[in-house]
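Each of the two complexes below includes subunit A, the first together with subunit B, the second together with subunit C.
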Partner chain A sequence: MSDWIRPRHLPEALEILATAPGPYRVISGGTDLMVECHLAPERRPESWLDISGLRELQGLQITEEGIRIGAATSLEAIRRHAEVVAHWPMLAASAAVTGAPPIQNRATLGGNVCNASPAADNAPTLLAYGARLEIVHHHGSRWLPYGDFHLGYRKTALQPGELLSALWIPYPPKHSRGYFRKVGTRAAQAIAKVSIAALIEVNSDGIIQSAHFGMASVAATPCALPSVSQYLLGRALCDIADMQVRQKVKQDIAPIQDIRSTTAYRLEIASRLVLEAIHKRSESKKEN
Partner chain B sequence: MSLTLVKQRTDQQTASPRRVDGVAKIRGTALYVDDLPCADVLHGATVRTTAAGGTLQEVVFDPAIDWSEFVVVTARDIPGMNAVKLLENDQVVLVDRAFRHAGEAVVLLAHADPEKLGMALKGVSLVELPNTAPIFDIDAALAAQQEIIPGNIYTDYLLDRGDVAEGEHLADVVIEERFLTPSQEQLYIEPQGMLAHLQKDGSILVEGSMQCPYYVLDALVQCMGMDKDHLRVVQSTTGGAFGGKEDYPSVIACHAALLALKAGGRSVKLVYERGEDLRVTPKRHPSRTLISLGANKAGELQFIDMDFAIDGGAYRTLSPVVLSRGVIHAPGPYKCPHIRVRGRAVATNHPPFGAFRGFGAPQSIFAMEVAMDRLARKLAMDPAELRRINLLRTGDVNPTGDVVGADCFAHATLDVALEHTHYYQRLAEYRAWNAAGHQTRKGIGLATFAHGAGFTGNGELHLASRVSLQALANGHVEILCSNTEMGQGAATTLVQIAADALGLPMDRVHLAQADTSRVPNSGPTVASRTCMVVGELIQKAAGQLLQRLRETAELAAPHDAQSFAAACARLCAVAGDTLVTAQYQPPTDMRWDEQAFLGRAYASYAWAAYIAEVEVDVLTLETRVLDFTAVQEIGDAVHPVIVQGQIEGGVAQGIGYALYEDVLWNERGVMANDRLTNYIIPTSADLGFMHVVLLEGGLGAGPKGAKGVGELPMDGPAPAIVNAIQQALDIDICQIPVKPEMLLELTMSRGN
Partner chain C sequence: MSTTMRINGKAFQSSSAPNARLLDVLRNECDLKGTKEGCGEGECGACAVLVNGRLVNSCLVPLGQMERAEITTVEGLPEDSALAQAFVQCGATQCGICTPGMMLAATALLAEYANPTLEEIRWGLSGNLCRCTGYGRIYAAIAQVAGGFADV
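Let's look at the complex of A and B:
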């Protein structure tokens, strides 16, 4: 018999996790976990901690610095949120291409991050916006830059007993523009073959002040592009050598061949999308 | 989505009544096999071979499991013949020793608790001596360095009319190409399954999801070693089939019946989960076509030379029939004096391939129609113009040497399609768009084709289908036939045909459940034959019933539902025979030579011209269908909305075939992408806008001149889309699906 606990308050949940961190599998929308349970019933956990009833993990709050999004907030709520649409359009866009509306109604932003798929649809956006994670434990809490969260394939920085409670995203710099694109196997209900989010800040002299990228499905984890960012920093837009950028992309990603796409396609399209992001910086182009 | 009827009808509303099965399906009250109420049922499961062929040395049952709790069936438990009844008895029901592919059934288990069953499945291990050099490729099979069967060829056909050498001599322009098409999964919504009951009198009842109840019955007779009177097959509500439930339900039915026979009176349910269904049930045959076309300077075809080969998989199953349809449809709806089509179905170590909407024709038509565009380019001629020059007209000789009669609308479909899409205007617009250096390239592509309805050649003669109508005392009439509703709308269409012929409202006519203990054998529900062939028989039977009521029960002419009911009551009162039966009679002018592939292959061809408009993203090479226009002449649209649904659904499957669907194989020849996240079919977001245009010439072999329509829409989309992409990107494409990965390779190798 499996054990299902649905606490109403965060401290209660944290106490359960702290006393029995191993056996309890945290679940909220379940859009990834339920599929996993069906495909591999022998690995089905015995004990579930359902965090969907925790009010502390729900909702979006605007602050002076940015927005705080409760980890168990649904993607549907995020993509329709007026402030998100106005200030973080890439997040609205990535939430809107996660699965399809029925998935978005249940799936949560925290779940998308903690499931730690290399193809996570909202990971590139969070990386490009420089999101921070609020991680809580029975004994306290800590902050972690999202860029430090994914340690390896399906391996995260969450310690036993810890729970992701919120994601905090700063306002983008004033003169920055974003570029988001998901290339999936089809227009909806698709897993990404390559996806990208970029936030590039250019001053009035055409000099790049900052450049942040996030990509999915091009490495064992969602990843930033540190070499590309470094190459672009302080450089004039008119001074960018595309071949150099391609070289840097190659250094930063490690795409594989799998059931959905080829190494060659992922590498080439990743380079094309990075160049497109630099040169076009059109706002959050949705696929199709 | 839009529907246009070229022959303006005034009866469109009444011509498209509500579906007779609609309410139950929308409300969820229709019972699919997994929903059938059944007390104390056992669940069945299947242990399968893992190697791509070899010999089974031993079956080891884990001693830690108490096997007395389980019903266990092996080949030794088969009372009849251990062979699946089809064209040839080469496929075993359960592997005893030799096997040819991974996924063949060896042991059947049943238990009341599905979880215990799942654990027990892992407790059975097979000791296999694997085949070390399995064959998965058509050309490797033809090279026959390893042999699965002698020469690895199930069937070798030759359509040879005229003299290709002579044609080559007359041709000014020649092209040569090699085309590949992949397998394709039917992906019916309801996975396959059967429920079997051993009755108190020792007879066996099998219910389940199927297209062809009498195929299942024949398979049970052979495997169970019982006569027909002790076997009964009943179709439950069937959630899609597309050919996928033509032959394989026989296998599952035999398995379920074998378990039920040993289960001591408890019923056994054997319903596949999606992954198992994807891995083991038959799919569309992959194909490889070598084609050469030649034309004179005016663009008139001088010869068509094709070497068409399909992968039949590890057993013969339906491959010869699929091949035959593929060969006959290969040369297209064109006039050409010299035609040679060699067709071969080869043996590989894949699971057997089977029926899927189009049945061999989509594969060969793909090759022919893409080759036509290559020929047009070499002739520096517009592809539509090349087709116009060569399309058949009344009085021409068609590829199988038959003189084309009045029922020929190849030109009409092309003309309407060009006009409806503003083809030449679009062509110019897309050229200008592409030259302007936008982020996308656009193209417009064409396919013209015909599809023969009903069994090929003398097939309908051999089937000798029978349909009965039963008049009831209350004035209602029941249709008794073995043809099945599987989502395509046959129940409504057949009821409509009967009601129309009987002069009754539709609610007085009912299609009886397909139950072999009640309904006569009206043939399988395949080959676009139900409306045309069975519908025609229903119309005939309706005439017989009216005649009997007039002669023996004083039915007046004209009659209404009330006077009809009164006549039925009188007939019943005098204990008159209230059942009439009509039997198929072949058309008198139907002559077909099965050896030479010459003569009239089908009672009717439906004609079509399909036009795809596509947009390709230059950055990512993703292709999107913008607009799809399907123009077809189908004789008569009995129910225009159902016809439209058939065509839109078929086009959607065709778009999937062209752009998305790719069965990937693991090293043992089993489908690797056995989940819906990885086997990609298009969603509504991927389909673009579809325009359906129906032409009704009224000359088909069915009721009011109707023709079969079910398979036709699968033939045209892939070549039309490929032709559009080739035009958009100025590249040559030789295989489908056209995935962005392939387009990237093609455009990069061109140095673009």
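Let's look at the complex of A and C:
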């Protein structure tokens, strides 16, 4: 008989993780874990820590600087949240393309991040918005920029005994515009071939004040595009050389060849998406 | 350890392990065979049920999370409802494997949008696969219940 603990409060959960770190497997919405268990029943965990009942990990709160989203909040609740739709439209968009409704009703934002798939659809959005993670432990908590969370293929900065408790996203700069797009094979439930989020801020003289990107499925982890951002910073929109941008994209990503796509296709799509994000941002188009 | 829930309006206590799939509890313990297993991986929606009114794939739901949950399977939908009649009239069911999941997805959709557009119908059913009908007849059945496709 497996051991299943579903605590109501965070300290209780952290105590369990601290005293018995290795064997307890954290489960939230279960949309990744239950598939894993089905595909590899021999690796099914014996002991489960179910965090879906922790009130501290639920819900969205607006603060002066931005929004705090409990790690166990469902993608469904996120994509419908009026403030998210109004101020963080890329997050509403990425949550809305993460699987179909029955997945979104269960899948959590924290689970999408902690599962650490290079194809996680909300990862680009969180990178582009400069999200920070609140990570908790029996003895306290720490903050981590989301950009520092993915250490390698499916390897995260979470230490044994730690839980992701919340994601914190600042308000985007006033004159910035977002762009999100997922390229897959079918609209619902397809794993992305490439997805991108971009947040670009341009002043009234047409000079780029800041440019932040996130991409999924183009490297071993979701990644930002530091060389592209560097190239764009301080540059006038009319001075952007597309060939240069393509060169920088190539420096920043390391696409793989797999069953869903070839390296060359991913590189080409990634470059086109970045260019589209840069050039389209000047139109007041809604992301999708 | 046991888990108590309400299934189709009746109290039920399951003695399965907490990591058991809700799908298996429904089919094997409750003998509710209307809920189908297609893929077992969340892709097809044949196992879809409503948990507290929300559409979920029961192959991905561990029993341990169902304490006090209100569960509706296809057997819990009213017999001979307008929806069931529309499915028959429009030819929205052929082999029938997807039909229970489709009816539950349609129920969740219509609870939210009494008069859905074609786009909303497509979205509401996007987690359910059908290998027979080509979907058009299923969309038509839902539109019929709602009094026609809403204009966009």
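Basically, the second predicted complex is superposed on the first by the 281 of 288 C-alpha atoms of A that agree within 3 Å, B and C clash if a C-alpha of one lies under 4 Å from a C-alpha of the other, contacts with A are read in each partner's own complex, and residues count from 1 in each chain.
In the analysis below, contacts are C-beta pairs under 8 Å (C-beta built on N, C-alpha and C of every residue); 3 or more make two chains touch, one makes a residue touch a chain.
Please read these numbers as outputs of a predicted model, since none were measured by experiment.
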{"item": "Which of subunit B and subunit C A:R106 touches, first, second, both or neither", "value": "second"}
{"item": "Which superposed partner A:R272 touches (first subunit B, second subunit C, both, neither)", "value": "first"}
{"item": "Which superposed partner A:H139 touches (first subunit B, second subunit C, both, neither)", "value": "neither"}
{"item": "Subunit B versus subunit C as contact partner of A:A264, first or second or both or neither", "value": "first"}
{"item": "Residues of subunit A at both interfaces, subunit B in one complex, subunit C in the other", "value": "39, 100, 187-189"}
{"item": "Touching residues (chain side subunit B, partner subunit A) in the complex", "value": "115, 118, 275, 619-620, 622, 624, 660, 664, 672-673, 675, 677-678, 680, 682-683, 685-686, 740-741, 744-745, 748"}
{"item": "Touching residues (chain side subunit A, partner subunit C) in the complex", "value": "1-2, 4, 6, 27, 30-31, 34-35, 37-39, 44-45, 48, 50, 52, 76, 99-103, 105-106, 187-189"}
{"item": "Complex contacts: residues of subunit A adjacent to subunit B", "value": "39, 41, 100, 183, 185-191, 193, 259-262, 264-265, 268-269, 272-273, 276, 287-288"}
{"item": "Sites on subunit C touched by subunit A in the complex", "value": "1, 17-19, 21, 40-43, 45, 48, 54-57, 59-62, 64-65, 67, 105, 108, 123-124, 126-128"}
